[in-house]
Amino acid sequence: MLDRALTNLKSAWREIAGGKEQEPHALDDGAVQKLRARIAECIEARGGEVSARARAAGIGQLYLGLNREGRERFLTVLAGEFDVEDAALDAALAACREAPDRAARLAAEERLRSVLVAPRVKLLTQFNALPQGVKFLVDMRADLLRMDLKQPHLASLDRDMKDLLTAWFDVGFLDMRAISWDSPAALLEKLIAYEAVHEIRSWADLRNRLDRDRRCYGFFHPRMPDEPLIFVEVALVKGLAGSVQALLDESAPVADPKDADTAIFYSISNTQNGLRGISFGSFLIKRVVDALAADLPQLKIFSTLSPIPGFRRWLDGALAADPELLPDAERAAIAERNADFADPSVLAQLLAEPGWQQDKALAEALHEPLERLCARYLTIQPKGRLLDPVARFHLGNGARIERLNWLGDVSAKGLKESAGLMVNYLYRREDIEENHEAYARDGTVAVSADIADLLAPWRGDKKSAPKLRVRGSRNPLRRIAG
Amino acid sequence: MLDRALTNLKSAWREIAGGKEQEPHALDDGAVQKLRARIAECIEARGGEVSARARAAGIGQLYLGLNREGRERFLTVLAGEFDVEDAALDAALAACREAPDRAARLAAEERLRSVLVAPRVKLLTQFNALPQGVKFLVDMRADLLRMDLKQPHLASLDRDMKDLLTAWFDVGFLDMRAISWDSPAALLEKLIAYEAVHEIRSWADLRNRLDRDRRCYGFFHPRMPDEPLIFVEVALVKGLAGSVQALLDESAPVADPKDADTAIFYSISNTQNGLRGISFGSFLIKRVVDALAADLPQLKIFSTLSPIPGFRRWLDGALAADPELLPDAERAAIAERNADFADPSVLAQLLAEPGWQQDKALAEALHEPLERLCARYLTIQPKGRLLDPVARFHLGNGARIERLNWLGDVSAKGLKESAGLMVNYLYRREDIEENHEAYARDGTVAVSADIADLLAPWRGDKKSAPKLRVRGSRNPLRRIAG
Amino acid sequence: MLDRALTNLKSAWREIAGGKEQEPHALDDGAVQKLRARIAECIEARGGEVSARARAAGIGQLYLGLNREGRERFLTVLAGEFDVEDAALDAALAACREAPDRAARLAAEERLRSVLVAPRVKLLTQFNALPQGVKFLVDMRADLLRMDLKQPHLASLDRDMKDLLTAWFDVGFLDMRAISWDSPAALLEKLIAYEAVHEIRSWADLRNRLDRDRRCYGFFHPRMPDEPLIFVEVALVKGLAGSVQALLDESAPVADPKDADTAIFYSISNTQNGLRGISFGSFLIKRVVDALAADLPQLKIFSTLSPIPGFRRWLDGALAADPELLPDAERAAIAERNADFADPSVLAQLLAEPGWQQDKALAEALHEPLERLCARYLTIQPKGRLLDPVARFHLGNGARIERLNWLGDVSAKGLKESAGLMVNYLYRREDIEENHEAYARDGTVAVSADIADLLAPWRGDKKSAPKLRVRGSRNPLRRIAG
Amino acid sequence: MLDRALTNLKSAWREIAGGKEQEPHALDDGAVQKLRARIAECIEARGGEVSARARAAGIGQLYLGLNREGRERFLTVLAGEFDVEDAALDAALAACREAPDRAARLAAEERLRSVLVAPRVKLLTQFNALPQGVKFLVDMRADLLRMDLKQPHLASLDRDMKDLLTAWFDVGFLDMRAISWDSPAALLEKLIAYEAVHEIRSWADLRNRLDRDRRCYGFFHPRMPDEPLIFVEVALVKGLAGSVQALLDESAPVADPKDADTAIFYSISNTQNGLRGISFGSFLIKRVVDALAADLPQLKIFSTLSPIPGFRRWLDGALAADPELLPDAERAAIAERNADFADPSVLAQLLAEPGWQQDKALAEALHEPLERLCARYLTIQPKGRLLDPVARFHLGNGARIERLNWLGDVSAKGLKESAGLMVNYLYRREDIEENHEAYARDGTVAVSADIADLLAPWRGDKKSAPKLRVRGSRNPLRRIAG
């Protein structure tokens, strides 16, 4: 679907540098030789900055015409041959060491600073003056990230790229834009391609996600206006939503957004591999909450409906290691309901059966133990950090774990990853800073009273008790008590 | 006229940080104490990145509320107390020196790199997430540039700001936009305020400069959309224009741009003091030439009509030092026409007389000697570089000196600065790279045959002969021959 | 200032029809002959509708090239020779009369309807397919309105044009747009040119009228996007404004619009002579009130500050006809204060003295009598309608006369037209319909209690008592009581 | 798919008039009573024009809430009770008749003119001031067109609506806009819904029609910006395209538009039933040709690839009436190839067999006779006009019949309607006027030499010979000769 975008990019560059379309090809020794010379010319800006940028376009076009192997060779050249020069660095270090006075020392530091910038950084910057040059660099880094970054020169090229992209993609430069059914089809098809959480199956599915009771927002870079960097899908509903299938049901009636009291963030997708490690998510959530609150003042609750991608994997491992993982009371409760489940390690086997969730009695018996185990999974920090990446993201942003949702995602993926469980992370504007602060200080996790109840079996245990910050009253309708 | 802009900026920031409008005030010791703590909080990003950016807004607002003295104190704090830490730097240098193996050395270099970034850079970056945050930083640097940059900490703060602004204002991020009489009045009044070459005297003057036979283009930053960073004014005419007064004559008839064969760049103004040292001019000229050539394919000549700001100052000094500055032939020629002028040092006195240019005989007699001297001024490089800043800019861009224009600017300023002379720098697309290259290599200056003729008296002299690259045929109408 | 617009219009048309620019010229007999043929071709749409519209462009260009005399001849041809055909009309009338049955009668009516549309209407419509064709027709009607419309054919051409323009300029097609200092200068210079109430003296004056505490809105036609059809200037203030000089004072401090409780409509200008008789004013006021109320919910009062253009003329005539015009009490009061004024007819003389308003005692003595007379002028309807055109407009829209403002406009024009008096017409949304209804029914005029008090002397008189609808309580600060 | 649009329309209107959503319902007697009164109030503009327009919104909302039966009743009331008043008309006619002099006659005509405008026209106009009011009237007319227009009052209501819409939708008010994959999805889904010639089967199909080698243009009304009134799909190819399946093949490679020499208009769809009888097609084609020629100057040929919707129906009837329809030579030729086909009336039977076109021998044998018959069908004018509506449209616009395409449309629809044949109508800009003129004068049809050849058998026959205007040379590759 995005081939066209690539085609456009290539053709835009070709227009500048005036070449002909070709099949992707490798980079032979002769070409490497020439490449070296051209890169050097750009870096020295021979013929002036303006001409150098034009030459950089030629190099960019060359790169776009390469196949995978060719690109790796290109990047290897750039990494190995245009890195910081050891001799120059040693000299600068020596000058620092030997500086006779403050002034000399300052000058030496200045020199050191400049020597530490690899010459290739100039070339990387020059790509920016070209149409779609920003996107070019992002994609080039995506190529690089597929290579072996344990090699020091490649790692150091990656650092150069990441530094440059970090400056260019500072959140202050990004535009937050609403994406709707009135957005260009060329943009919307990118949502379909990039959606990473709950696959968009068709244009009808997409339209449903952009209906009157939905919102979608993305961050855009001024030089990549047709490409969202990250986007979030929001449902406007009454009360916390607990089932993603209900949200994505195309046949469900469209609600009046004026009646909603809750905004559910049910999908957040980063789109650019080349921006790995440069984070926008927390800013996007903050700004979307602000925008929604301004637009629909009756909204009172801002929460996610999130997957728990690592739960099953952890559970299987944990059960294998410790068949008594469950608290005694839980085990007894399961046994009482169904003698077959007396051994909690049987859980793994049960969950491996396709369709277990449709067996009402079975599902009923598993409900409470699984929620307890899931709450456990979400809050323990065996190596000093949370296990679940989604939990890390939202708790790091100052949200709290508000509610687990039994059979919240009964898609194949949902069952496989998290036994069908989903979780709401709640963003209360007045708590965000303190939650963040507590979490950053010592890993204290903000949870609702209900979640704290689920964790009751472990809270007595000095060694393994999770550090909790309990907020909010119990949900009167919750079945599972502490 | 731009007070309103400042008012808006302040009020935008106040809305974020929620303060009250006040008179500009100083910064007392208590406030400095608090400021330190707040800056530290931002730098440590306590409460998360999102909160830290909100806090940075508060600091920004504080800054905007300060008077000049207060701002200088603020900047002094930022410069002195949040600079690179000497101890950390020393440790990193030691680690580099003592690294036992390659891996340790690489890690130490990484550490060194990070230590060399002053902590305040984080705060400076955080300003960017705020409305008009980019403009804020530009203006803050303008404030800093008024201080004494010989102090190392201030110089180093300036370097941090300049580095940041250099990344943010990379030419690749800038939009070139045409500015016309259909542009917002709020933008046009900025042209009036910022025009630096030929003052815009009124809205009628401005309208004349934006008429059908004129063009105006500027570079804009996506985060400062109402503020040109640099703009150039262009007249579409037949043949090289030689008189700026003719171009600015509001009563002159409007020509049909389709009949023009020449685009005259008669004014280029940088607008932001805070971007000193970050250059866009050559890129703007290149892109305007491209845009005009695409739009009006019949345009054949792209040239400036430029002031020669330092000519008179140099001339006076030169005549004082060497009354025989003029070649013998010239001196003889002057003497022949008017015995009073036999002594060329009398030039300075003559030019000091108001209205000398209206005395036809006098003007006639001065015409040739002054053009020769001016050509000399524009091409000598006593300390290895050209004397005239405008010449340095255009010749550095690959233009050539095409023609001197006698009485081309008879405004008070024009007479005072350059004895009424103006110069055309010609941009021929096919020569630009080589001109630049020759100039960059050894200071060779590209000139037309006419200019070379003017320089004939000095070309024989081995020691002081200018290095010339002569291009183009002689203008058949030129009176002054070699 | 608007010459450029005309030039553009002409050149746009010339591009279509491919002609050459010429001096405006007359229309000789030969040209009339050809014109006739070309009009006929267009009307018959020979070569198809598409070609006919292209031909109409040629005719339009011809028209634009004519001088005043030529245009009058053109319009005379169009009026006299392409009107409804008498013979056809007579036949259609006869067919109606003699129709044997209902079906025949209906067919005859249909025929009659079609015969009543003059053939030239087709040509007038065809102008619309051309760039700026709408503006062309508006301007052509403006030309026509300068001719003698007592001639039946010209009157009937005017009716055709007006009917067409009425359909094209239906208020439903118009866009209301805010005009601000961010609007294109090319649009803003039209405000300067078109302002009809209080002349805009300079760009600085204009900018003051578009400052943060001001608003300006206009109606635009989609085919004349650069040309407001009507615009209104609004000041956001605290309490009713009474002095237009205070509003236009460029040196007055700018207020925060959030503090305003009152929107003052101080100038409404129609811009297109060619749209005479097609009224947008009441719709514009309604929509501006709605827009302001939505934008600034704290606004409570919507009122004009209006001129009283016919007051002095009426007063002079009235005093001449009836020196006892003033009620006895008033006359006595004047006499008591200054014996010289015992004869009210002396008023006219006094007001003719330049600077009378600066003589405090005199002004004081005139204050009450003039306000009474002015209230009288604004409310009597000698020939079944109000005398003052501005009053007719606002009272017809459902406003009420709220307050007279002594020395509200001390410009030369204000003194000359209305002895410096201004009036506030108040728009209360909840009263508009009933006010309008009462006024439409029998001329009942809505007034405030204060205005009613001013009219007290006449209210007892059965014959000449104004029909009033008194609303609102008295202003406690008013000096003049009933 | 367009339900949403209707929902939006209803809700926009509800917001104005403040009602509640309900099920579509009928209109009972009481409601009719009230409706009458409300219509009358609007027409009399009681409370002023502004209020009347607000009331019209209420009536509009009422209408939108009605079911089909209710709407018909509403329209019947509007047609029967607010039509031209007979008495007033009679009086006006009498006044015309009895006018004693020219002035009285003119006044009487004026009165007549005004009486002939039904009072309801005012209400219809008032709908226009409302959001989406233009679309409302278009849809209301679509409702009316489903009723029995033989009833005089309904016919006369339709005439009023059509007159109003004709003025509002004058081609001069329409914007031509390019539609592309960058257009809003909400607009693109309307193409899918409205495409009337070759169904758009999916978003992938649509994207293929908007690819780099395609163009799509539509006319839009400024008050219906999200709704194309008519749109045309264009393919940029080399040489005349003959097969619509080839054009719509999603797997075909995308060509470079710069290599194309021909623009093929392969689908034109009107979208608004309510605009029946108001034609934009010829203007759209003209403007698209102009736009393409300006954009891609290398395009030399502008042609349609059109269906022949009535061919098979005509053929079946014609064969039934006259089994010898085919010229003798053709019959002989068929017989020679296959004795079974000796009787040309067998054609109908053959074509009725599904899959006949896949039988190569059969298809081969039918090729020539069917092309001849089709050429015949496209050019005869039994009742003074062409039989095929598509032919009427394009020949009326000045195109010529250029080429028949054997098996040009092998979709079920194509086979059923036109035995798989398609036709190219060629638009040569230099011929358009004359072609149109000849066709308008006496029905002369412009054809290529090849088409003339196909018609050879009939050209000798004085009575039935088609009037042809033959242009262009023969295609050397054509198999069928005259």
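Should a chain be cited, it is by its letter among A, B, C and D, assigned in written order, with residues numbered from 1 in that chain.
Rule of thumb we're sticking to: a contact is a pair of C-beta atoms (placed from the backbone, for glycine too) under 8 Å apart; a residue touches a chain by one contact, two chains touch by 3 or more.
Only a predicted model underlies this, so the values are computations on that prediction, with no experimental measurement involved.
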| item | value |
| --- | --- |
| Set of chains adjacent to subunit A and to subunit D | none |
| Chains contacting each of subunit A and subunit B, listed by label | none |
| Approximate Å spacing (C-alpha centroids) for the pair subunit A, subunit C | 61 |
| Distance from the mean Cα position of subunit C to that of subunit B, given in whole angstrom | 51 |
| Centre distance in Å when subunit C and subunit D are each reduced to the mean of their C-alpha atoms | 43 |
| Residues of subunit D whose C-beta touches two or more other chains | none |
| Subunit A-facing residues of subunit B, complex | 46-51, 53, 84, 89, 93, 96-97, 102, 106, 109-110, 112-113, 116, 125, 127-130, 133-134, 152, 156, 159, 164, 167-168, 170-173, 222-223, 282-283, 286, 396-398, 432-434, 436-437, 440 |
| List of subunit B residues in touch with subunit C within their complex | 4, 181-186, 188-189, 203, 207, 211 |
